[in-house]
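What follows is a group of structures, each given as structure tokens.
Each of the next two complexes has chain A plus one other chain: chain B in the first, chain C in the second.
Entry: the complex of A and B
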């Protein structure tokens, strides 16, 4: 599953119908997860009973698949009992085999970002077990949302990551251009289709170029690290925090790359067992930076700045941007705070 | 283990918190096993409101002078005192009358004012030090157990201080404020309920009151932009939190417009 080994790339054109039938055939070994129509013009990633329920033309979802099925909102880690002495009862990671289909490039990049956190220097057993048992089938975007800016940070609209996912689909009217990226997918995928030649690849490049031109939101990312460090006291932080920011943490919750978590203990009412579980934490929560004797980010402006700079300014953490340009934090902010607008406001005063 | 002495005191409220505490929640037998109910009006008329108490739970808003006096005595007799329910924590429904002059409110309800001695409604922590807040209307079950177990084990209780939005997103609900354009108070409301209303596709009405440092004015501005009328915005912010700084700021902003 990890992208350490390189494979000979297989590129085939498969009719959509045949591909969906193949997905159905996976159902006996895998849990099939994909975008489903919800209500209004919204879709959600959910387990589906058959490929007929899939809504592959979706634009975006509120919650990303990576933070629903790999890094879960709530994870029970262990229970301990205190009867004189402490006994620990660890909860083994549960990993069902699952296949997530229709993941857009931004969300694949977000999963690769989560990998850096949970499969980096310290491996998280729960995340690792799920990641190993998950097949990711990505789908290149066919339309650009109002708040998408992935082209500016190099995370879309077409996927170029070397590895870490299993298959890549590109929409070709009645067919999918299927590119196989992992050995597991190669073994599973039995469809012949017709081989993709130079013409098809040129058509794919043309499609990508056409998509690049559709973006309504862009951002200049050169030298952002330094610009943010130099503008810690810029008035835009205080102004946005006062007029708009509710510190409700919606941005953090919908962000596909936000990985901060909190460990909590819940004691049973008979005082015999304590369950320790992990759940998402949010840097907009006032208690996030609270330590003994004080709080690093008492002010709302400081918390807002923490979110924006972690997404756009701290590339020294993992060598890539913390944002994948999916625009979810803009879409789902109740007051419409836009991190690209904040960045532009700061860049205004910077000599180019 | 000796049972801890528990007192449950009621001021101006519907007594729903006592009812919830005595009958409704999931762990009534365990609570009865660990605590000695010295005084709780919901269960018995016989109890004596005299201390000392290991834990005192106080429900209701303070709306008369004698209540404040009694509360201070109870504080002196109790090791730990928790405010339970929205009325005691933030003022709740009785605090709606904080939006009008006291005499006006009295006149609207009573013909003869000679025996009425009401004062401005305030939460419990306006008069005495409080060791923790069990928020909600009815109170959050998890917070109630947290308070009780913290007293039993002698540790500091841990109550959530973040917004309802976090709980709502953890549940995977589609945001009703943005997707359905409903005036949801979730972004400024303290968590604890498990995002009950948004999970049922209803807008949150802030029965848990504002979270710490909530930005009421910014949300009021958003409601205004959504086309909610001035009166409705004021009602939303004064339904439970009329006596809180966070929501009063929002109401003041709407008045000034």
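Entry: the complex of A and C
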């Protein structure tokens, strides 16, 4: 649910046990989705039957909740009946009520980024319906992964977005500091707990500061737009493309902000129905920018540069970085390409 | 309604313009309004959609697309006949800044099928000729078989200056216009840089040399406008295919001032 106003007042400490019981009580009206243990520090966002299945201490997931439950990998949009006069059947959005709990700040910021694409001048009805019917409960991070660099781009490890989500949790040992951020959450959340005073808020700030100090990957983002434009011919692009990049598109698929899609028509075997789907597409695919008589990104280096500069440059598009610093593209690149390393290589030769 | 939902259009007329190029006159059951330089996503279920510029916007609400058959969608359309039905969405994008061109000398420069998106501007100028200064159409094509709207040039030439050239004439003795690159023709037009505006459409490499040529003649980057071609799936700034640096060609363009797009990566301008 997009927060129509921000709620500053409600800051309370609730025992974890009580909070999880409250989550279970939502199950009669909502699908409960959250991080489930996968292995090590990894979780997978999935529907759960009970809050007992949640692995709230997780560090990261391969796929972000936003691109699993709001902007889906494959959406059926239209069905065309092809016999006689063609008729168009618009597939109505399925708007199941769902609550996604344990969404890390980077992934909340990624959802806010997707909002810019799908709730702009032209609204995507499927995304809009799911967004309206989804309660987002964010959880400030307690772990910093090897590839996390959210602190460098202001997307974490604690959430500071003004709105666009419903609740924010901060881990306080046996309790959560619960902050209500939307009217829907305010109406749903009946627990009293104990009020958070100045001491607790100071403790929260200290926790955030401690987390900030744990980042092993950082990037200096000042002036990146210009630095990239001035270095589009930098040898690092060609070198990385030649030596490492496989154009496999893993980076795009795991990226929580990559919004590109393809429209695909599928004809039924009896040739009577065409179904038009929208599915994820990737700028790493050689055909992505192809037109008749040419391809604007024929070279692998150009496609690699498009991904990296869309994340760390090109802020003229939405006024924010295209990256939330989740580091998934680094983690899941089969050859270990790291956009922060590419950026540092380019920055080496730039006057500070 | 889903903005990606295609709308129905009826083919009212099909006219062969040049080798592999046809103009389709389309009508809809609702009034269709568009600006010169805008485009539609034209297509058919099971085949897909492609961005196609409007080559005419008629007073009666009908509109025209001039389409060269070069890809999956455009190849499919080449067999369409009067009375057939096809599908489209639009109009989309930012067109030519015709308001800015009022009272100015207008240079309309086209290469090949690049003339199609400029024809609505020509129509608009012809209809209110007094609002514009000197108007010159400079048009180039590979050879005479590739020249669009050949039968309309004489009519246009009554009100605006028309310069026509082919890179190479197939039958040189029957070709009564220029032979050579369109870029060479710029030198034949008297340009007063301070009062001129240029609308350019053609292959990107041609637009590069035209713009650089016009700058040599003293024109400023912000008085030159180009229409870009990119792959598009949605036309509504979502699918990401047309992204050109941070710009969405479908929404921020397809018409840009040269100043906005000069030197951007993955383009040749």
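Rule of thumb we're sticking to: the second predicted complex is superposed on the first by the 344 of 352 C-alpha atoms of A that agree within 3 Å, B and C clash if a C-alpha of one lies under 4 Å from a C-alpha of the other, contacts with A are read in each partner's own complex, and residues count from 1 in each chain.
The rule we apply is simple: a residue touches a chain if its C-beta (ideal position, glycine included) is under 8 Å from a C-beta of that chain, and two chains touch if they have at least 3 such contacts.
Just so it is clear, the model here is predicted, and its values are computed rather than measured.
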Specify the outcome, clash or fit, for chain B and chain C once both structures are aligned onto chain A. fit
Applying the document's definition of touch, where does A:44 land relative to chain B and chain C: first, second, both, or neither? first
Once the structures are superposed on A, label A:121 by its partner contacts, choosing first (chain B), second (chain C), both or neither. second
I'd like to know which partner A:232 touches here: chain B for first, chain C for second, both or neither. second
For A:245, decide between first (touching chain B), second (touching chain C), both and neither. first
If you stack the two complexes on chain A, which partner ends up touching A:293: first (chain B), second (chain C), both, or neither? second
Which of the two partners, first being chain B and second being chain C, lies in contact with A:111: first, second, both, or neither? neither
Would you check which partner chain A:267 touches, where first means chain B only, second means chain C only, and both and neither mean what they say? both
Check the residue A:315 against both partner chains and state whether it touches chain B (first), chain C (second), both, or neither. second
Between the C-alpha centres of chain B and chain C, what angle is found at the C-alpha centre of chain A, to the nearest 10 degrees? 70
Figure out whether A:254 sits in contact with chain B (first) or chain C (second), or with both, or with neither. first
What's the minimum Cα gap, in whole angstrom, linking chain B and chain C in the superposed view? 5
Contact residues of chain A, present in both the chain B and the chain C interface: 267
Touching chain B in the complex: which residues of chain A? 38-40, 42, 44, 62-63, 68, 73-74, 242-250, 253-254, 264, 266-267, 269-271, 279-280, 282, 284-287, 300, 331-332, 334-335
Write out the stretch or stretches of chain C touching chain A in their complex. 1-6, 45-49, 70-71, 74, 85, 87, 203, 229-231, 233-234, 236-241, 243-248, 251, 264-267
Which part of chain A faces chain C closely enough to touch in the complex? 77-78, 80, 82, 85-86, 88, 90, 117-118, 120-125, 229, 232, 259-263, 265, 267, 274, 276, 278, 281, 283, 288-293, 296-297, 302, 305-306, 309-310, 313-317
Chain A partner, complex, touching residues on chain B are 27, 30-31, 33-34, 142, 145, 148-149, 152-153, 158, 161-163, 165-166, 169-172, 174-175, 177-180, 186-188, 211-215, 218-219, 221-222
